[in-house]
Amino acid sequence: MIKQTLGTLALSAMALQSFATTDIEWWHAMGGALGETVNTMAEEFNASQTDYRITPVFKGSYEETMTAGISAFRAGEAPHIIQIFDAGAATIINAKGAAVPVQTVMEKAGYDFDINDYISGVRYFYADANDTMVGMPFNASTPVLYYNKALLAEAGVEPPATWEEFETVASKLKANGHAALSQSHTPWIFFENFHSRHNLQLTDADNGFSGLPTKLMYNNKDLSMHLSKVKEWKDKGFYNYYGSAWGDNQTPFEKQEVAMWLGSSGSFGGLKQAADFDFGTTYLPYWKSVNENAGSTFIGGAALFAMNGHTDEEYKAVAAFFHYLTLPETQYFWHEQTGYVPITEAAYELAKEDGYYIANPDAEVGVKQLSLASGEWTKGYRMGFYVQTRETIYREMDRLMAGETTVKKALQAIVKDGNDNLKRFARTVK
Amino acid sequence: MLLKRVHFSGSPIPYIFIVPQLLIIAVFFFWPACQAVYLSFMLEDPWGLSSTFVWFENYQVLFSSAEYLSTTLFTLVYCALVVFFSLGLALLLAVKANSVIHGQSAYRLLLTWVYAVAPAVAGITAYFLFNRHIGVLFQWITQTGWAFAPETNAFDASVMLVLVSVWKQVPVNFVFFLAGLQGISKSLREAAQLDCASGFRRFWTITFPLLAPTAFFLMVINITYAFFDTFGLIDTLTQGRPGGATTTMVYKVFQDGFLGADLGLSSAQSVVLMVLVLLLTVFQFLFVERRVHY
Amino acid sequence: MQRASVFDHLILWAGVIFLLFPVWMLFASSTHSVENIVRDGLQFLPGGNGFEAYKTALTSASGFTDTATGLRMMMNSLIMGLGFAIGKIVISMCAAYALVYFRLPFATFWFWLIFSTLLLPLEVRIVPSYEVVSQLGLLNSYTGLILPLIASATATFYFQQFYKTVPDELLEAAQLDNANAWRFFKDILVPLSRTMMAAMFIIMFVVGWNQYLWPLMMTTEESYYTIVMGIKNILSVVREGRVPQYNVAFAMVMLAMLPPVAVVVFFQRWFIQGLVESEK
């Protein structure tokens, strides 16, 4: 009843000011608890001023959100803001005229914009060849290792920093009757971030930053070694593979069926709600034998893009909302609620000053990992039709774990499909 | 085509009646369908900002892709299994329902209501029943010693998908078989009863041949179902996984065009499906339509 | 004879249970608490929560605008089912009338034009269909939701078959009475088709209500969400590894299937007739 009355009040208030309000729409892929946080932020933005009104619309998974945006754009019905995930970055950044760079939007609306305000790990991931920021990193996460403190203590082991250590840790856990590891999102963690962590090149044309790449470099000896090891771990019972859905691999960790889980730093908030045991967070393990000075990882998650074809007034609204989103307080709130990293230095400082990391040291792991030494190949990647290539990776990983294919054949298949996709995409860009 | 001996005359009237239908199919069917054919010859960027005419390249890519071949194979096998089991089960139930004297209409009710469940709803229902953590069917299956893992095992996932698809389709087949059985005249059945003492033999020599046209026609219906109507079911249950092993041709159109943003390739697949349906329709007209004129 | 009959009933019962079991499990579980379900899995017997989950499913909204409650989504599904069924019946009856009762130039051509729509289901032409609908400015509207689905000839075919069986004498008599084409249609043909219309209505309502991909693509405003597409949100919660409100999720699934199932159960006779006729 009260809610209804409030609703009516809000509606009439809206009606009163509607002559001056610019409405903008934001399509996003944040479901569940994340979606609620998104809604809270949008409500706060709407309440903070009277000129603009944003409506967030949940459009399903990342893939579905992107497709919905593409169809709408083709039909001239594009939303003002769309959330596009890492794998879709090439699709939107390479298309001249699909998105208006966030930098342009901000500067035109009279806001100061300095790319160096953003923390180094996220700065260039959604930037174009001239280092102009095109998409505003929004939910930036990075892969981290979560571990069940009690199970590890029981086996008398520390969380592994390297994959070499992992092998001993896993055998001790196994002796104690526990599978060591499960992992969500193979393409992101075992392919893309495997390369950034070890500073390995992904494609020609500087990972796609200096041109349109046509050669995927996944068929290399290091990844091949890693995947052979993973398969070996699976056969030994160190590693459990629950299929390609994110949740199917996360749930066993929550149910304490596996002692460690490779997931996203952005999973922190949800995990805290779901797990009724004490867990810790640490860096993504690396192979000492591949790179002793393993460094920074890529961000995952998604960015917000201002889509082309709207009025100046609407872009002003978009800029105002982006400005609100990058405020240290907003970022800190988002970081705290979800576990996604704060994207600006100022927000990171605010969280530190507030003593957030003293109470929650785990929450800082993601940011710190992104601030590790960056190498030549850790800036990001731009691969055309990469969404399909990821599908191929999922598919081949399913087959590899089921024993239907070998590492060699799987990598060959991935590189073949990946190259076809890259070449096909390169021809569509004009 | 003269359908009636007597007709109305006057020229504007029939157009008024037929125009709404023609208009709707022109705008919402032919225009998009032509668009699909057109796009199948183009290579477009996802946003529709640039496009190149590439002749038959999309078809070449398609037919040389091992994935498309295995998707086609899966679709055929899946379709055959669904048709076989849903027809077989429905026939058994219809024969039994036809032979009971008491409670026939109650059985009919209890065996047909599933028709109204949306494929997507059937899929999500099954998703929960086969769920590793709460699913009762999952528990039963694993208790038999079968390490059931539909998320990672292609065979298990296919079994699950076929089972649910059959579940959803049995009612339609049941209705038709029962109608067919009831259409077989009483005198014929009584004569048969005198001729063949064994009920089993009676079924195969008398009843089954008379039902054959129904079965034949149902086959077409079921093929269409397995090809197209199972989309929602697959999207909620397996999403074509694991390893692409439960991807049907229609689901792949959706994956490539919709999720992968490769419209040209996806449109080429639509055209392939169009041709398949055309063949199916011709087949239906040649072999099945004769039955309709009873 | 007696023994065989018991055996027959056993088989039929097995069939009934096979069909009923999954839905019963979800229903029984929907009356349990989330904790129960998480701990013990799906339940055979109804629990102590009664219809609480249904209340939540019907009244609580998931999105930003607070409009997409279960009730609202069911209303939208209802509009879609009704709109589709009525629209399709009216349009097909008219078209079939023109095809059967008039000497139409190029009649064969029109006939084939209409029936070729059976070739290509919406799923396959969905992206171009979306573009057409949006060019017409019909996104987020009931018209846009319904019209593209009507563009198929199943019902036209069926009414055409039916009109062919109507005795010619009726038309001759009507012409003697000086009835015009419209009056013949309205006063004679439509009343004659009543049962057929009802039968067709049941089938079409179910088809309309059950649409999944099209509303998913078409609607961006929460106030237009339908319940069948609404269940997709449940899945995205589970797939991303969060524990959903299981009981509410099950209640949503039950609510999504209840109206079409009820229609089929209550109007069983028309349903059977509609099914047999429409698929022919």
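So that you can tell them apart, the chains are marked A, B and C in the order they are listed, and the count of residues begins at 1 in each.
The rule we apply is simple: contacts are C-beta pairs under 8 Å (C-beta built on N, C-alpha and C of every residue); 3 or more make two chains touch, one makes a residue touch a chain.
Everything numeric here is computed off the predicted structure, so don't read it as measured data.
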Which word fits how the chains touch one another: line, ring, star, complete or other? complete
Most heavily contacting pair of chains is B-C
Provide the C-alpha centroid distance between chain A and chain C, rounded to the nearest whole angstrom. 39
Could you please state the distance in Å, as a whole number, between where the Cα atoms of chain B are centred and where those of chain C are centred? 16
Please set out, as single numbers or ranges, the residues of chain C touching at least two other chains. 127, 131, 232, 238
Going through chain A residue by residue, note those that touch at least 2 other chains and give them in order. 74, 245, 248, 251
Each of the following residues of chain B touches two or more other chains, namely 133, 258
Of all residues in chain B, which touch chain A in the complex? 43-50, 52, 61, 67, 132-133, 149, 151-154, 239, 241-245, 255-256, 258-262
Chain A - residues contacting chain B, complex: 63-64, 66-67, 70, 73-74, 91, 95-98, 241-245, 248, 251, 255, 385, 387-388, 391, 394-396, 398-399, 401-402, 404, 417, 420, 424-425, 427-430
Quick check: in the complex, which residue numbers of chain C touch chain A? 62-66, 127, 130-131, 134-135, 139, 216-217, 220-222, 232-233, 236-243
Touch list for chain B against partner chain C, complex: 1, 3-10, 13-15, 17-18, 20-22, 24-25, 27-29, 31-33, 35-36, 39, 89, 92-93, 96-97, 99-100, 105, 107-121, 124-129, 133-136, 139, 167, 170-172, 175-176, 179, 199, 217, 221, 228, 231-232, 235-236, 250, 253-254, 257-258, 263, 266-267, 270, 273-274, 277-278, 281, 292
Per the contact definition, I'd like the list of chain C residues that touch chain B in the complex. 4-5, 8-9, 11-12, 15-16, 18-20, 22-23, 25-26, 37-38, 41-42, 44, 91-92, 94-95, 97-104, 107-108, 110-111, 113-114, 117-121, 123-129, 131-133, 136, 147-148, 150-153, 156, 160-161, 163-164, 168, 171-172, 175, 181-182, 184-185, 206, 209-213, 228-229, 231-232, 234-235, 238, 246, 249-250, 253, 256-257, 260-261, 263-265, 268, 271-272, 275-276, 279-280
